[in-house]
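Across the two complexes that follow, subunit A remains constant while its partner is subunit B and subsequently subunit C.
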Partner chain A sequence: MNTVFAIAGVVIKELYRRKDFYVLFVLSALITIAAGSVNFFKDLVMVRYVKDICLLLIWFSTLIIAVITAARQIPAEKENRTIFPLLAKPVSRGQLIAGKFLGCWLATGLAVLVFYVFFILVTATKGGDWQLVTYSKSIGLLWLMLGMVIAMTLLGSVVLSAVSSNTTICLVVIIGVLFIGEHLNKIALRQSEPVKSITYTLYYVIPHFEIFDVRNLVVNNKPMPSLKACGLATLYAGAYVTAFLYCTWLIFRRQRLNT
Partner chain B sequence: METILKTDKLRVEYSTGEFQKTPKVALQGLTLEVRAGEVFGFLGPNGAGKTTTMNVLLGFVPPTSGSASLFGIDVRQPIARQRIGYLPELTYYYKFLTAEELLRFYAKIFGLKGSEADKRIEQLISLVELGHAAKRPIKGYSKGMQQRVGLAQALINNPDLLILDEPTSGLDPIGRMKVREIIQRLKNEGKTVFFSSHEMGEVETVCDRVAIIYQGELKEEGRVADLVAKHRAANLEQAFLNIIGYKPAVAP
Partner chain C sequence: MRNVPPALMMVFLATLVFTLATAVDSEFRSSTATSNVEGAFTKLLGDGRRLFSGQSVEMADVYLHSGFYPSIFDSREPAAAKAIASNDDDHTNHKHDEQGKCVHEEDHAAHKHDAEGKCVSEESAGGHVDEHEKAMSFMDQTLDPLQGFIRNFRITQHSHLENGEEREVLPWLKLAIALDPQGVETYAVTSYWLRKTLKRVEDARDILREGIRNNPKSFELLFAMGQVYEQEDKDHEKARNIWLAAEKFWEEQPIEAKETSVGQYGKITVNLARLESEAGNLPLAIQYFELTKLTSLQPEAVQKQIDEIKARMLRTTNSTPVFEPAR
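Up next, the complex of A and B:
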């Protein structure tokens, strides 16, 4: 495990020494502050409106951070040739993938925490109350979803050599799943065979990122999922993370690395 | 004497393209043995298969057939690399880290912790004379300084075998001299060094034995003096050119 943690540590250092995170954080903060100063939609409850905007920005920003960070890990190691001195040590390719995943996941977890601290402070200034259990569940579910996103992006990074292609494809897939993933079964009902079966299969195979989206519940002060539901969501995310990382390892372990 | 590095009928083929069926043979039947305490020079012109051999030894490329082992362990097992240090020809490290952080990272991989790691890092930084820059990010280092960081990382685990791929390539004369001194020092400490180089003078100075590889095949192997005598050459460079069959276009 030492090796996995050592690799993860380098990923975290890279994230906070690069400017991406700071740019996204400052942009999100500015947009939230600007939006919070004017009530565009005449929302009667200002705090609900600020929460809505701020949570949307947190989701969007952390998703971007997760995809960009994960997409460049293995291609950058190859391109910068840092992978050679690393794999010349007693490090297996499986440990490299596990370290990269853990590093990206912890790094985005830190980013989520920073964003949420800002969110809690902003909502507090607009009269919001300290719903710590609600916020904890919301943070946890978002972090689990980002774990799935990171594992999926790592898989993409060993299949597609160009970081930009992988980033674009992953973002399109994630946004697609978030928007239409939950409706695929209804769409399937209206189709004839074989499209019906294909759509149903797709519905059951794709990772349903939308089940981790509890923004609406937070904004409207609705009851959050029970601990049991959160536990099941953790198992669901864990299964997809394992499957994605296993596929990544299967592909990566066979790749030739020529110096 | 213990065999540290061994290849047996090693063959490596690369596919040249999706539609072209004939693979390119990078190595054919390479059999080598390097024994404990030797400084072994691995010579050959560009494209001869030196880097491919190193890639197989380091587990980057799987052999098509044959086998390779380090300390008797198949190179496909990561544990085979526990007692080696590797310096690539082109040294690229995480440029957002300082030299000290980089060495600490590699030390962790080898399970070195706390005061043991601190002591080792301090020793290496002093050995490669980077004390003044150890806390600066590597992105600000000159090529020579990066090569020295490379050498330090290759020595972090106090390896019994050092694999050096053109260690003096692109260095100025002082840098070359320093690398040679370090190789000599390691030799005196009884370490095994396996290195490829184009610098025949350097090889002649530091190597106990050499192997000459050409077009993926081992052409000659033996002590420098024996090869020079066998080919009735004035020096290793001339012997090398004879062995690979080089005919000068203009007679000297």
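Up next, the complex of A and C:
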């Protein structure tokens, strides 16, 4: 387990050495502050649109960070040939994957926390309430979703050789699921066979990232899902993460490294 | 050139740039004077900004429903109007008695009534709400276990913003106006929410003024402005003048445009009729009611109003003593 944590530690250090997080954070902060400083009808307590914009930017930024960070882990190790001394430590390929996943997940978790601290501060300055339970659940659900994203991207990184193609494909799939994943069953009902059955199967098979999107509840001050629902969501995410990581290991354990 | 110190060269170049900038700037300003007025969105998006304006109004509607809103994949009434745009003053100002009869005839032409003056589409005032509830019942019971699970993370109750929280829709409406300054309806909707729910009459008037500045011949905005003067300031004279201007602009339209806006004409004339009726100018009131009757979906109800005024005129004539009887 120490080996996994050691690899994870290196990944976290890599995140704060690279500029991606800082650029996205500054950009998000600037857009949010600009939107929040607009005065509509001399009313200073309009807060929902600022929350909406800020949460959208947080989702977008953390998604980009998660995909980019995860996508380059294994290819970069291969390209720099650092994977050979790493595996000679000895570190098993399974530990390497687990360590890379944990590192990426913890690193994006840190990024989510920083973004949310900014979000809570902006909301408070616009007159919003301190809904700490709501924010905690929202952070937790986003982090779970990012776990699924990272696991999927790691799988992509051992299947596709180029980082750019993996990143692009993963982002297209994730954004596609976020937009229409929830509605695939409705789309299926309007199709004729065999498209109907295929679409319905897809609906049940794909990882539903959109489940974890509770921005609408946060923005509109609605009650958050119960602990039971959050627990089930954790199991759901856990199952997909395990499945993705297992597939990654299955492919990676027999993969030639000297490409 | 080699002997010129770099600092001097820099000063020279800075001076040159500054001088040229002053010359170019004045030229540029005179040639693009109109586009400056239209704002940043025009420069950035061109005419494409109008496409986003509708999206912005929809966002306002989503906020009004506290996030409970059908997606493009949900089945909903295609003709169902946005709640944010149901800004007819007849909705809130329209008073009904215990029998559901209108006691205030302000917007008879737009509001459907039977011959008795009862709302035909709604049995009671609550009928307005029922129709909207029906349009928003897109989230039925589901047998799909995954869908059922997903709903734990969604808003499943239909509710509207209230207690002043309606202000949250205003940023999106203001954005819609900035994106499409010719979108007449957005000004009217914004002014309605400012005036009716937030009691910010001056802001409502300002937004209508802005709308009229950008759309000088908009009879819809003039009508809304007349309502502000009539209902908030009780300035009937000003309201009458504005509505007369609205009527004039409606008349000036081509025939095709008139056909699509007869409802608005009915609103203008019925309000003018009511003003004249209240002022005691009964023949003029009848004239306006006759015009309303031509465009109304319920001409019998309007005729009833005319008959009532005629009866009033008759009573007035009969009750006037012609001579003092000798004692």
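The criterion applied here is as follows: the second predicted complex is superposed on the first by the 251 of 259 C-alpha atoms of A that agree within 3 Å, B and C clash if a C-alpha of one lies under 4 Å from a C-alpha of the other, contacts with A are read in each partner's own complex, and residues count from 1 in each chain.
Assume a contact is a pair of C-beta atoms (placed from the backbone, for glycine too) under 8 Å apart; a residue touches a chain by one contact, two chains touch by 3 or more.
Quick caveat: nothing in here was measured; it's all calculated off a predicted structure.
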*Once the structures are superposed on A, label A:Q191 by its partner contacts, choosing first (subunit B), second (subunit C), both or neither.*
neither
*Would you check which partner chain A:E14 touches, where first means subunit B only, second means subunit C only, and both and neither mean what they say?*
first
*asked:* Comparing subunit B against subunit C, which has contacts with more of the residues in subunit A?
replied: C
_With both complexes overlaid on chain A, does A:Y203 touch subunit B (first), subunit C (second), both or neither?_
second
*Figure out whether A:R81 sits in contact with subunit B (first) or subunit C (second), or with both, or with neither.*
first
_Just to be sure I read the superposition right, which of the two partners does A:S164 touch: subunit B = first, subunit C = second, or both, or neither?_
neither
*subunit A residues touched by both subunit B and subunit C?*
none
_Under the definition above, what is the set of subunit C residues touching subunit A in their complex?_
63, 66-67, 71, 73-74, 144, 146-147, 149-150, 152-155, 167-168, 170-172, 174, 194, 200, 203
*Please give the residue numbers of subunit A that touch subunit C in the complex, ascending.*
38, 40-43, 45-49, 141, 180, 182-183, 185-187, 203-204, 208, 210-214, 216-217, 219-220, 222, 225-226, 229, 232-233, 236
_Residue numbers of subunit A touching subunit B in their complex, please._
2-3, 5-6, 9-10, 13-14, 17-18, 80-82, 84-85, 87-92, 95, 256-259
_Taking the touch rule as given, give the residues of subunit B at its contact with subunit A in the complex, in rising order._
14, 51-52, 54-55, 58-62, 78-82, 84, 86, 88-97, 101, 105-106, 108-111, 150, 153-154, 157, 163, 165
